[in-house]
Every structure is written in C-alpha cells, then in structure tokens.
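These are the structures, in structure tokens.
You will see subunit A twice below: alongside subunit B first, and alongside subunit C after that.
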Partner chain A sequence: MSPDFSPIWVSLKTAFTATALVLVLGLAAAAWRLHRRSRLWELLDGALLLPLVLPPTVVGFFLLVLFGRTGPLGRLLWRFGVTVVFSWPATVIAATVVTFPLMYLIARGALEQVESSTLDAARTLGSSEWEVFLRVALPLAWPGILAGTVLAFARALGEFGATLMLAGNIPGRTETIPVAIFFAIEAGDTRHALGWAAVVLVISLATLAAMGAWTRYQRAYLVRGPVRAERSQRGA
Partner chain B sequence: MALEVDIEKNFPDFKLHVTLAAGQKPLGILGASGAGKTMTLRAIAGLEAPARGRIALNGRTLYDSSKGISLASRARRVGLLFQHHALFPHLTVEENIAFGIRKLEARECARRVSEQIAAMHLSGLERRYPLQLSGGQQQRVALARALAPQPAALLLDEPFSALDAHLRSQLERQLRETLAGYDGVALVVSHNLEEIYRLCDELVVLDKGCVIARGSREDIFRRPPNRQTALLTGCKNFSRAKMVDPHRVEALDWGCTLRVEAGVPRGPDHLGIRAHHVRLATPQLSPQAAGENTFPCWVAATSEAPFHVTLYVRLNAPATGPSDYHLQVEITQEQWANLKSGPFPWSAQLGPDRLFLLPD
Partner chain C sequence: MRRLTVWCATVSLGLFLAVAGPPARAVAGPPTRILVSAAASLKDALTNIGREFKRARPDLSVELNFGASGTLAVQIEQGAPVDVFVSASTEQMDELAAKNMLLAGTRVNLLQNRLVLIAPQGTSTVTSFGDLEHAQVRVVAMGDPRSVPAGAYAQQVLTALGIYDAVRRKTVLATDVRQVLAAVETGSADAGLVYATDAALSRRVRVVMEAPAGTHQPIVYPAAVLSASSRPDAARAFVLYLGSADAIAVFANYGFQPATR
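Presenting the complex of A and B:
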C-alpha cells in the first residue's frame, strides 16, 4: 500500500500560512495597542485573548457558527460563491484564531520592553511614527517577536480541536497530521498513528533546534561588535 | 535666534506653568526634582502635549493652542539629549550619529558624521555598539547624534547625571566647548548648581511647576528673590525675620538683631546667609575689632569632607547638643586647622552685604 503523505503537506502549508498571517496580525494589533491605555481597550484585550483560554473545540464551534451557511460571515461569503467550512482555508482560519493570542501577547511584551526614551530620541531626530516602529521598535523587539513566531508555528502545527470542527477530515485537503493521528487511532491503525507521531516529533525537534540556534546567534550578536571593531583597528 | 515658551499643563499633584525665553546664550533651568524641568523640555521637543499656551522657535510656531497648531516632534528641529543617552543599541556609533540625517545625500551625511566624530573625540569607535562604550563615550555619541541634524534648538536634560565625577567634568568641558560653537538656542536642565552655573549665563528657577526667579546667573546667586530660590541655589541658613528699623532686622530663629545693607524691603519674612559667607574667628574678637553683626559662638557639631569642613554653630550660648545650632558654616580644611584648637567662644560674623532679605 502506498502511504498517503498528504497530511504532512496540509499541516506544513497550514502552519506556515497561519504563522505568517498571525505574525502580521498579532504584530499589528500589538503595535496598535501599545499606546492605548483606556478601559475600553482592556475589554477588547479580553476578547482578543479569549481563544487562548477557551477549549479549542469551543473556538471551533464558534467559528462554525460564524462561518456556517446560516452564520453572518458564512452567508456573506456564500453570496460570493465562497464556502469556508470543510475547505483548506478553514484549517488556516482555525489555526490563525487559536494562535493569534499567543503572538499578540508575546509581541506586545517584546514591544513594551523597548525603552520609551529610545523611541522619543528617534522622534526628535526626524522620524515619523512609522519609521520609529520600523527602524527602532521592531529591530529591538525582534528577538522576542521571533520567539513568539516559533511558538505560534508549533501551536499551529499541533492544532486539532478547532480544525476538526471547522475543517473536518477530508484527506488531501483538510486532514492535518493531528487529525490523521486521531482517526488512525479510532480505526485501530496504531502503526499509522505511530508513524505520524514520529513525523510530528521530528518537525517539533527541528523547530526547537532552530530556536536554539537563533538564541546562540543572538548571544553572539551582543559580542559581535568588539570583534568587528578589533578587526577594523587591525586593518587600519 | 530665539525660543519663546509659555505653556500650561495640569497634573494630579501640581500645575505646570512655565514662561521662558532663550536667545543666543545658553539658558539654564534649575529646580528640584519634580519641579517640571523635564516636562518643559519634553513639551518643547514635542514629546509631551501641553494643555494651553504657545511655543515659538526663531519665529516659527511649534505649538499654539489658540490656533490649534502642534507640530510633530520630527518637524520641530529640536535636538534633545536624554539623561541616559537613549542611544539605539542595535546601531553602531556611526549609524547612531547618522540616524537623524540618513535622508540627506550620502556624501553630505558621511561628511557630517565624520565631523561629529572628530568634534566629540570618538574616532576609532565608529563601529562599536553603544553597549561597548563607557558612560562618557555614550553621552558624547548622544550629543553628536543630536547635533548632526543641526537642530535650531538643543535641549539637554541632566546631561551628566548618569556619569561619575571624573567623567562629569570631562564631558562638561566638552559640552562648554560645543555650546560655545553652537549656532542655536541651548537649554540646560540640571539640579547641580555648579554645573549649571558654569554652563549657562542666564537662569530660570522652577519650583512646583512655576517660574520663581529668572535673570543672569550672578543676580540669581547673589540676590535670590525668594526663599525657594535661595534654597535651590544652595543657601543653607534661614531665619524668620522681623523688621526693627529700616537698617536693622531681628533674626527670630538665630536670636540676634542684624544690620542689613540694602534698605529693608517691606516685610522681609526670612533672612538667609550662605554657609561659606559666615566668618569665624578665634580667639573671640574684642568688641572694637569685631565690627558689626559679630556674635560669640560655640560649635555644636562638625562634619568633615576631603577639602572642606561644615561646622554647626550656635550663637550667644554654648550648644547643649549636636542638633542645638543656628548656622551651618563651611570653611576650608586649612581654616579648620587654624581654628580648631582655639578656645570657645569664637566669633561669628554675618556680613551685612552677605545677608539675603527674602520675601516669602
């Protein structure tokens, strides 16, 4: 029997797409939220963080209600001939919604760590708010944001509950590795489940290794300066 | 070349209302912490919005609440030097200095960077990162970075506060040189009397958000107009005062009557004299030799510093304990060596020309 590797591609495609989306959305939300300190925003914060504390199946259920054919978003999309439920984009939507709070929280924390006087200095030196963000806040918060991105990727890769609710289990289209493992076990196919589990383990270990390498690079970055300076002095 | 500021802002615990004008000469803003000095600089730089008022620089309106004008910080051409350098840690020295002029033509940008590197004695450090520099170097890079865009005004917020004593004097010398050649308005905020005196010809004194004195540094230090100013300029001795006649005042807290030089303004509430202006002598001077405002005195306590000694002195009677004193007197170690073996009482003279009369 030729094994079906499609869950790997579905999973990777979904995880990468969702991570990219969540990086942009989470960063934008965090940057937007940074200088706003009213009660109203705190309430909104609660709403944004809800998917982090809700069981994924509940998130999936809400998404199903929202995107179902009778749901407000589903009906709108139906008019344009688009059905989300049980399609590949549904896996992306589920993974994005579930990982968003993680990215948002970590990005906000990383941006808040940047000293406000450094940002003020950029302002007095002629930078617009956009330039301040792009040239100062973002580079200084980048190590934290990257760590958040890796976490978001790992979480997206493991997403199960919400995905199953919204995207179902269509082999080759919406069947991700976690979903494949669940159905393999349910069918009593331990061998397949074990194989998929091994694949997940490999991807997770690779992610951890990449993160470790990044951390070492970050530490080296801090001492890279004197090396460069010494070289240029020797050259002179 | 002029900066005019007249701004107001309310805070939960105090109201900021600052009016000041600065021209070609550096203006110093002196005040205790929390007096509103930093807030004033931040408002001028466009980092803090006042509630009302007007800020104009060389005829250009930066802020005017009545016309609804408030230029963004980036458009003000105001350089700000922060207490803790606020350098960009991810950029090299060169890149930090070039940050404000990166939109200029590359050659002009490079020219200005090397000009600043030379002026601030930073050569050899161009490719270092801020974390690899000493505190003094960091602050010099920050100064170079603020000056590179040739701002119309340069605001210095406690520029030496993060440095140790040796670096402070070095950077101060550097800064004096820089300010002398700087073609713009310079404002220096500090709570260090000597630094601000050396750097600035004109002073404004802030207390609880309000300007309580302004004028040349000599005037402010020689004739502080009120008690807070005297205190902020380092005066240690105060007494409540009661007028006796146009030339004499009774110092209620010191238990003596003093002749004063300037005609007594109506109802001076306080008298003050600086610690190093009280003259001590031993053995006690005879009444003929003593001159006016001279009283027998006893030392209650002493406190020695490397080069000077502070004596806590009680007038007219022996002190009963270390905290029973009227005046703090500061003398040099040499004077102390001559005085200390002399028998009590000594003589203390409060020269009429040294006494401040301070309305409240």
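Presenting the complex of A and C:
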C-alpha cells in the first residue's frame, strides 16, 4: 500500500484555518471585553473560557449534541443541506472551539498591557475608537498577540478528542495526524505511529524555533513600538 | 508557619486517603479474578453470561474488557494481564498463536456471525450495497480494517462487490463495531456495516441487506486461554463454560450461531 501522506495536509489545512479564525474571533472578543465592562461580559467570560478547562472529549460531546442530526444547530443547517458531523469543516470547528479560549486570554492580556494613557492621548487627538484600536492598541499589543497565534496554531495542530468525536476519521478528509497516530496504535502499526509522531515533532520544533526568533525580535520591537505609535499620532 | 502546617496536614490527609482503601470485607478469601478481553460485538451477551457464570462459580470473579479484537490483541502483545481472549476473527488468534502466547489445547471456535448493511431507521436512500456509490450517500461507517474484524470483513465485502474504491472516499473509520452502530443510529452516517447481532440490538437502525454469500471470510469467534495467564485453571473453566449449553443458549438469544465444530 502506497504511503498516505494525507493526514499532514488535513492537519495543516485545519490548523491554519482554525488559527486564522481564532485570531479574528479572539481579538474581537478581547477588544469588546476591554471596551465594555459589564456584568454580562463577566458571565460570558466563563462561557468563553470553558473549553480551556473542559476535557476535549467533553467539548467534542457538546459539539456533537449541538451539531448532530437532532441538535439545534444541526437541524438548522440540515434545512440548508449542510451536515457538519463527519466533514472537514468539523475539524476546523473542533479546533477553533478548543483553541479560542487560549487566544482570547492571551489577546486580552496583551491588549490590557497597553497603557491607557497612550490610548487616551490618541482619543484627545481626535481618533475614533476604531482608530484607537487598530492604529494604537493593536500595534502595541502585537508581540503578545503573535505569540498567542503561534500557541494557538500548536494547540489546533494537536487537537484530538473533540476532532475525533465531531469529525470522525475519514482518511483523506478528516484524518488529522493525531487521529492517524491513535488509529495506528490501535492497529498495532507502531511504524506509522512513530512516523507521524516524528512529523509532529518536526513541526513543533519549527514552531518553537520561530517563537524563539520572535522573542528576540520582540525585545527590539518593544523599544521601537511606542515611538512608532507617537509618530503616527503626530502625523494624523 | 500556620499556612505551612495546614498545607502539610492536607497533603498528609490526601496521601493517607490514597493509600488506605475501603475497609476489607470479611469474606472467606477473595474470589479469583480473571480478566477476559472480548470483541465489542459480544458485549451484551457476555455481560449476561458473566453474571450466570458468577452464580455457577462464586469463587471466581470475571472482569470483562471489550474492544476491537485487533486493539485487544495489541494490548495482549504489549503485556496486558489478560487471562482469556475471545476474538471476532481467527486472524488475531492466529497472530497470538504464532507468538506462542496461547495456552496449548485451550483454543476453541465458539460462535459464528453474519455481516449486514444497515441504515438509520426511517430513511430510504440506501436499499442495497450498490446504493453506497451514489452521491446521496454522504458517509458510510465501518470499522478500521486494520484493527476491527468487522471492518476487515466489510472491506472484503466491498472489494468483492467491486465498490470499495468508490466507497472508500466516504468511509468514516471507527475503533470498534459498536461505534459504527452508534454513528448510524444517530444518523451521522447514512449507512454502516456491522454484525447482524449488533443490528438486532438497536431499534434505531434498519437492516438493508446481508452481505452476499462468499463475499467475505466466514465470521468465526475463537476463544483461548493465554499462556501468560496467572490463573490458567480458572481461565480454562470460563472458556469451558462459554461452550456449555447454557452459554450457547444466551448467545443464541442475541443472534449468534454456534460455530460448526
């Protein structure tokens, strides 16, 4: 049987897509959270952070209940001819849900670190809230957010429990590397299991190397950052 | 200082609770415990038989471990302390025999089964094996042929019918045959391949048709005692019981046929 490298492509496609989604959603949630401090948000926080503390299989179970044939979202999507369970988008949904709390916390932390006096200065100079966020807060918080993105990618790549429950193992479509490893071990196929583990090791080492390089760059950026922010305000 | 004392006390309590167990029962010696690894498809029947056996032999305690036969064989090969192995295929038993892991003279063919194509109750898209190729059938559930005998038999059937390559692209592989049943029950899969005995257990699936004769190897369930068993006599007694009239009757209730001797 010719070697099947599809799990690598499935994993990478899923991880990149999930990371992109989580970046946008996490940033949006963090920005809103810091903008509006209300009781509602404090309650919502608990719900948003839940997938971080729940075992992935439980998250997978909840997603299955939600998106299954008899679930609320499942039935709604069924009317449009869309089935989520056992499909590639399911791998993305599972990875996104599990990774979102991580990105949300890190983005929030990074944005909170930005000195409010800098933001207020921008406001007094006439910037709208959008501009304050996009042109002042975000560039200053970027190092932390990027670190969060790398972590999110690693988490999305390694996601297993929720993925297996919602997306199943469809070789070539939803079989990610962790799923491939699990099934290989079940079948006593240690050769393939080791092979996949080696692939994940290489990707993880590359990610760590990238993070290391980024940290060194970040130290320089932290000095340049505030200066750049002031400059753009003076010009506006 | 006070916090340190509280912390030490908590840790000590925790360790104590972990080490001390529930109070020992005042019984005349604990029952001999045997671990039986059996194919997932035998779950209901064997649980029943296990209870009957306990009544017949209260001095023995049977622990049942269910899963895909391939996975169970891997566990045994890796040193799991299993006393009796009941597989859904001769392949796994042969593997263990080749590695001299079976106790001589204890291997016996117990049961036979049939493979069926099932679909969720209330659907009508699938009416035959040929329908599996249609685009309307989005997902077909089957066991992973590498570790689940039901999956291996399913692969044999689909290959014999010439539709394996077409259907392969939409198969979702499960780690045991009961997962396949669950996938079809919930409607997540449009069709699935399970044993006739599994299909009979659920009202949420309908049997579309049985695998045509000759499309797969005969489904035989062998049982044996493992040579590494530390309680071979108890294990032998259990295997003998599995072949007894009482046990065969229970198996028959669930749809298993006795193996042709």
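We take it that the second predicted complex is superposed on the first by the 218 of 236 C-alpha atoms of A that agree within 3 Å, B and C clash if a C-alpha of one lies under 4 Å from a C-alpha of the other, contacts with A are read in each partner's own complex, and residues count from 1 in each chain.
The working rule: a contact is a pair of C-beta atoms (placed from the backbone, for glycine too) under 8 Å apart; a residue touches a chain by one contact, two chains touch by 3 or more.
All values reported here derive from a predicted model rather than from experimental measurement.
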item: Touching partner for A:Pro55 - first (subunit B), second (subunit C), both, neither; value: neither
item: First (subunit B), second (subunit C), both or neither touched by A:Gly46; value: neither
item: Which of subunit B and subunit C A:Pro72 touches, first, second, both or neither; value: neither
item: Subunit B versus subunit C as contact partner of A:Ser128, first or second or both or neither; value: first
item: Contacts of A:Ser117 with subunit B and subunit C, given as first, second, both or neither; value: first
item: Contacts of A:Phe183 with subunit B and subunit C, given as first, second, both or neither; value: second
item: Touching partner for A:Pro139 - first (subunit B), second (subunit C), both, neither; value: first
item: Subunit B and subunit C footprints on subunit A, overlapping residues; value: none
item: Parts of subunit A lying in touch with subunit C, wherever the complex brings them together; value: 68-70, 83, 85-86, 168-174, 183, 185-189
item: Subunit B - residues contacting subunit A, complex; value: 42, 45-47, 72-76, 78-80, 82-84, 86-90, 92, 99-100, 103, 124-125, 127-129, 131-132, 142, 145-146, 149
item: Sites on subunit C touched by subunit A in the complex; value: 68, 70-71, 73-74, 77, 138-139, 144, 146-147, 168-175, 183, 186-189
item: Complex contacts: residues of subunit A adjacent to subunit B; value: 115, 117-118, 120-128, 135-136, 139-140, 222, 225-226, 228-229, 232-233
